[in-house]
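Look at the two complexes coming up: subunit A is in both, with subunit B in one and subunit C in the other.
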Partner chain A sequence: MAHFTKANSVGEWFDQRLATTKFMKVMMTEYWIPKDVNFLWAMGVVLAVTFKILIISGIFLMMYYKPDVNLAFDSVNYTIMQEVAYGWLFRHMHAVAASVVFLIIYIHMLTGIYYGSYKKGREMIWISGMLLFVTFSAAGFSGYMLPWGQMSYWAAMVITNLFGGVPLIGDALVVWIRGDFNVADATLTRFFMLHVFLLPIVIIGIIALHFYSLRVPHVNNQEGADIDFDAEAEKYLAGNKKDSKVIPFWPVFLSKDFAVLGVFLIFYFYLVFFHYGFAMDPINFDPADNMVTPPHIYPEWYFLWSYEVLRGFFFDIAGIKAFDLGLAAFGVANVIFFLLPFIDRDPEVLPAHRRPRFNIWFWILIVDLLVLTVYGKLPPTGVNAWVGFFASVTFLVLFIALPFVTKADAKARGAL
Partner chain B sequence: MRELKVFAVVVIVTLITYWGVEPFAHSQMHPHVDAPDYSYSDVDGLKGIVGNAEAGAELVAANCTACHSIESQGFPKIMDNATAAASYGVVPPDLGSAGKLYDANYLAAFIKDPVTASKLAHVYTGEKAHPMPAYNWMSDEEIANIVAYLQSIAPAEMSNKEVFTNACSRCHGIKYADMMGGSMAAQTPKADIKAYMGKLPPDLSQYIKSRGENYLHEFINDPQKHLHGTAMPRVGLTKASEDQVVAYMTEVGDSKKAERNSTGLNVLAYLVIFAIFAWLWKAKIWREVH
Partner chain C sequence: MSDNVKRRDFLGYSFAAVAAVGGAASLVAMKQTWDPLPSVLAAGFTEVDLANAKPGTPSTVTWRGKPIFILKKTEAMEQSGRDLVIGSDRFTIAIGLCTHLGCIPAWKETMWKCACHGGEFNASGVNTFGPPPRPLDIPPFSVKGTVIVLGEEGPEYKQMAQA
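What follows is the complex of A and B.
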């Protein structure tokens, strides 16, 4: 057993037992971040705060929500929205945060892609981040079912149906996921369990992994510069703060995060109070009715691009059914971002503006995602269907082209 | 400067996405319809005739009170709601407030020919008759007299709830208005109204949320514009009455609106102060490292 002397303060008492001073250094005051970063580097902290808002508002909602097909709609729209003191506030905060969190995730992801922050030792940061994207998507989808409105019901119907396309076991899989032949009470209660228990636990675990995966390769910077963190940290600690290329997480990096957070929270709470319709679809204020299909069924905005890839293939090609083609493309779309570190063949970490061909590739990707997102909501008829088809094909071609594009950049620079 | 440019790019891409999935997509999915016409210019109405209320009183007593109550004038209900619904298909309205709720021209046209005025020719094709017969055998003057009488007995002021109950509740429930007591269910029993309308008219508790104010005005004024072929009649509410109906639906369906708006301003004011202090602190800290 270690030798303990009498502590002179509460702080010291804890320090003896939990090494709090050392812990603060490792996690905060001597956790080094590059100085050459812009506000996009604050998105991690913005995401952490948004997730915290989701957890806290979700806990309050769970005190009154009833996961039963006969009670769910009124427990949300009457009990929580009208009877419980500030219940409406928690619901608005939860719904808007669930939507805005995806906006920030996309900004965070595209920042990583633009600055090449997914390779050369940073692969696990990227992969754990993509795992978070997938688990957040599952949480978003399962949560959307809970108010048991028309869109909850029909989105659940359409999405669970997709699993029917899995070869051999498809039909059985759909029944297994729903817990019934139809989307019904069993479906609601199991998605409730996923939404409030299993997925949050898994997400918290992956967040820990995501943070940890940053420790060894360190955070990237605006120019992709290779920084000797030990040497720069020594400079900083010696008092040469202006010359050092690094800053400590606390207080320097976080002070900037808080400033960005201040702006973000104004934006977020403006949406919560005055502009929440985009996150709470009007159609979902009609109670679920399995006899009436809404004229337009569409997912929330953050799923639209992949939904459009799914339905972009609207005609059979070479004897393969349109449904199967779409499902295969949808599968590729959801997996391909995981593979980004391995299909980028440029060995150097550089921002897109220093990789001319990749830069063009990046902006085409942005435009393509925009087109897919907008057309993912429109009725897939006439010219819309063809726009969706070509945008889906473009999406797939972009990723087939990526290894060649990145290799050409590296060759032109003389890096290969 | 570079940071501002990056910020501008993020904002622009976000706004394009928002524009595409919200205003643009909705404009594509919900075709534009003409603004509500509160003058009911298409109906065969009063034609400028000013009626005589006293003469109208006699006509109403002789022609209307066999089915309609006018409790304020001493004509009680003849049957309870369930029996009335079983007899007529739907509970007939009390006429005490009709002169206030409904546009005078529309009212005249409705008395003359309910099916045409309510735009339900596709429902009452001949096999099925409208529960109220057409009074097109009356002269225009007589109908003007009836309208004048109904206007003379109508109350000057009605609460939002009274307007809603009189204009909508015979077919529609709005259960959130009295979740525990259930007093705001539709007056016509469910089975009767379902048989009468072809399907159960929806509960309107959340319609202010699911349809929004604009749509509700366009729809109530002329249901066929948004939902071609619907069995819901055009009821001919005046603009003032329709405003009261929508106000009531807001009171019930969005009861925390006022609290939301005032809390919102306070929270935003607090956050602006927080953001200012956060930026000042950031500037102070970063002065040491730049």
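What follows is the complex of A and C.
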């Protein structure tokens, strides 16, 4: 047995057994962050806090929610909203946080793209982040089903039918996923399980991986500068804090994060109390009816861009069915961001404003995503269908062009 | 030393074999847990009397939780190999779920239009515009006089399914 001496304080007692001092150093006070960052670097902590809000509000909702097709709608819209004290608050917090979390995820992602924080050793940060985007999307979808309103039902119908596009086993796969010939009780209960147990556990695991993946390559900075973290850390610890290019995660970096977090939380609770309606579709206040499709259905705002890519291809091209084209484009749209570190052929890490061609590419991507989002909400008729088509094609072309665009930048700079 | 390594390898491989068999068996169990329950599979057969159908106006009945469109065609509507002919009347019988992603198309005067992604189907249930990859599916049915039984595969259904 290891040798233990009598501890002189509670802190020391824990330190002997759990190495708390060492742990705090490794995780907090000697985890180094570059000084040259801006408020966009706070989005990670904002996301972590939003996820915590989702878990806590979710726990309270789960105590009254009933995952049964006959009870679900009333358990949400009557029991939680009208009977449970502050039930409305937890529901609105949960719904608004689920929506806002995607806003912050998109800002976080686009920050990474703008500053090139996905390459030269940071590939695993990017890939684990994209895994989080996918699992958050799955959690968003499975949670949207639970109130069992019309939008819940028909979103579930459309999304489960997407699996029908899998070659050969598609139809059987759809029935298997639903546990019934249509979206029914079996479907609701299994998606409830996914939403409240399996997906959160998986998300927590990937968050741990995401944080860990930052450890070796460290956080990027505004200029993409290559920092010798060991040397800069030594300077800081020797008391030369001014010359050092780094600061410790705690207490220096986090204190600034908390300032940004404060602004975010004010914005978030303003939405929760005064503008929760944007996260609560009125159509979802009609109970699910498998005999009536609402006249116009659309996903929540954060899925609109990929939804528009899915339905952008509304006519057959070269003998390939519109359905298969749309599904293929949708599939590509959902995985193409994973490949970003490998299709960016520029060997240097630089912000977009120092990569002129990539800068144009980046802003076209932003505009295209906005167009797809806006038109994803409009009925797919007449000129709207064509705007959707061209915006979808633009999206795909952007990613085909990226290797050439980034290579041209590198050549012009003399880096290749 | 090398004997030890071989023994440890042997133990490792034997455990891997046991774990693989157990893992595969539990995957089968997990897969089947998600299959539709016997009560769902056995869920009934629906009888529909076509005698009172109004020409040109489709009606919707429920079968296995899905909407079934039944349209008695008017003289003006084109004929199709997908029609069910009873006496001198022609009927369109189809599962009322868009073959794109499963929304219920709505009847607009001469055709079914899907609100979700803009697909259109004519009075015979054949896709004429938009993303649907194929005509509306025909549910299995059999004919007894003017009554059809949804869920049973009669000769008329088999013939239509081939058309």
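The rule we apply is simple: the second predicted complex is superposed on the first by the 416 of 416 C-alpha atoms of A that agree within 3 Å, B and C clash if a C-alpha of one lies under 4 Å from a C-alpha of the other, contacts with A are read in each partner's own complex, and residues count from 1 in each chain.
Definition applied: contacts are C-beta pairs under 8 Å (C-beta built on N, C-alpha and C of every residue); 3 or more make two chains touch, one makes a residue touch a chain.
On a predicted model such as this, the values are computed, not experimentally measured, just so you know.
Novice: Counting residues of subunit A touched by each partner, does subunit B or subunit C come out ahead?
Specialist: The partner that reaches more residues of subunit A in the superposed model: B.
Novice: Return first, second, both or neither, reflecting whether A:G326 touches subunit B, subunit C, both chains, or no partner chain.
Specialist: The second partner, subunit C, only.
Novice: Applying the document's definition of touch, where does A:A186 land relative to subunit B and subunit C: first, second, both, or neither?
Specialist: A:A186 contacts subunit C only, not subunit B.
Novice: For A:Y78, using the defined touch cut-off, is the partner it touches subunit B, subunit C, both, or neither? Pick first, second, both or neither.
Specialist: first
Novice: So, does A:H296 touch the first partner subunit B, the second partner subunit C, both, or neither?
Specialist: Once the two structures are laid over each other on A, A:H296 reaches both partners.
Novice: Counting only touches as set out at the top, which of subunit B and subunit C does A:L198 meet: first, second, both, neither?
Specialist: After superposition on chain A, A:L198 lies in contact with neither partner.
Novice: Mind sorting out which residues of subunit A both subunit B and subunit C touch, each in its own complex?
Specialist: Dual-contact residues (subunit A): 295-296, 379.
Novice: Flag every residue of subunit C that touches subunit A in the complex, lowest number first.
Specialist: 31, 34-37, 40, 60, 62, 64-67, 99-106, 114-118, 130-133
Novice: Report the residues of subunit A in contact with subunit C in the complex, numbered from low to high.
Specialist: Subunit A residues touching subunit C: 154, 157-158, 160-162, 175-182, 184, 186, 190, 290-297, 311, 313-315, 321-324, 326, 379-381, 385.
Novice: Contact residues on subunit A for subunit B in the complex?
Specialist: On the subunit A side, the touching residues are 35, 38-40, 74, 77-78, 81-82, 88-89, 92, 103, 107, 241-242, 244, 247, 251-252, 255-256, 258-259, 261-263, 265-266, 269-270, 272-274, 277-278, 280, 282-286, 295-296, 301, 304, 366, 370, 373-374, 377-379.
Novice: Where on subunit B does subunit A make contact in their complex?
Specialist: 2-3, 6-7, 10, 13-14, 16-18, 20-22, 24-25, 28-29, 176, 179, 202, 205-207, 209-212, 255-256, 259-261, 263-265, 267-268, 271-272, 274-279, 281-282, 285-286, 288-290
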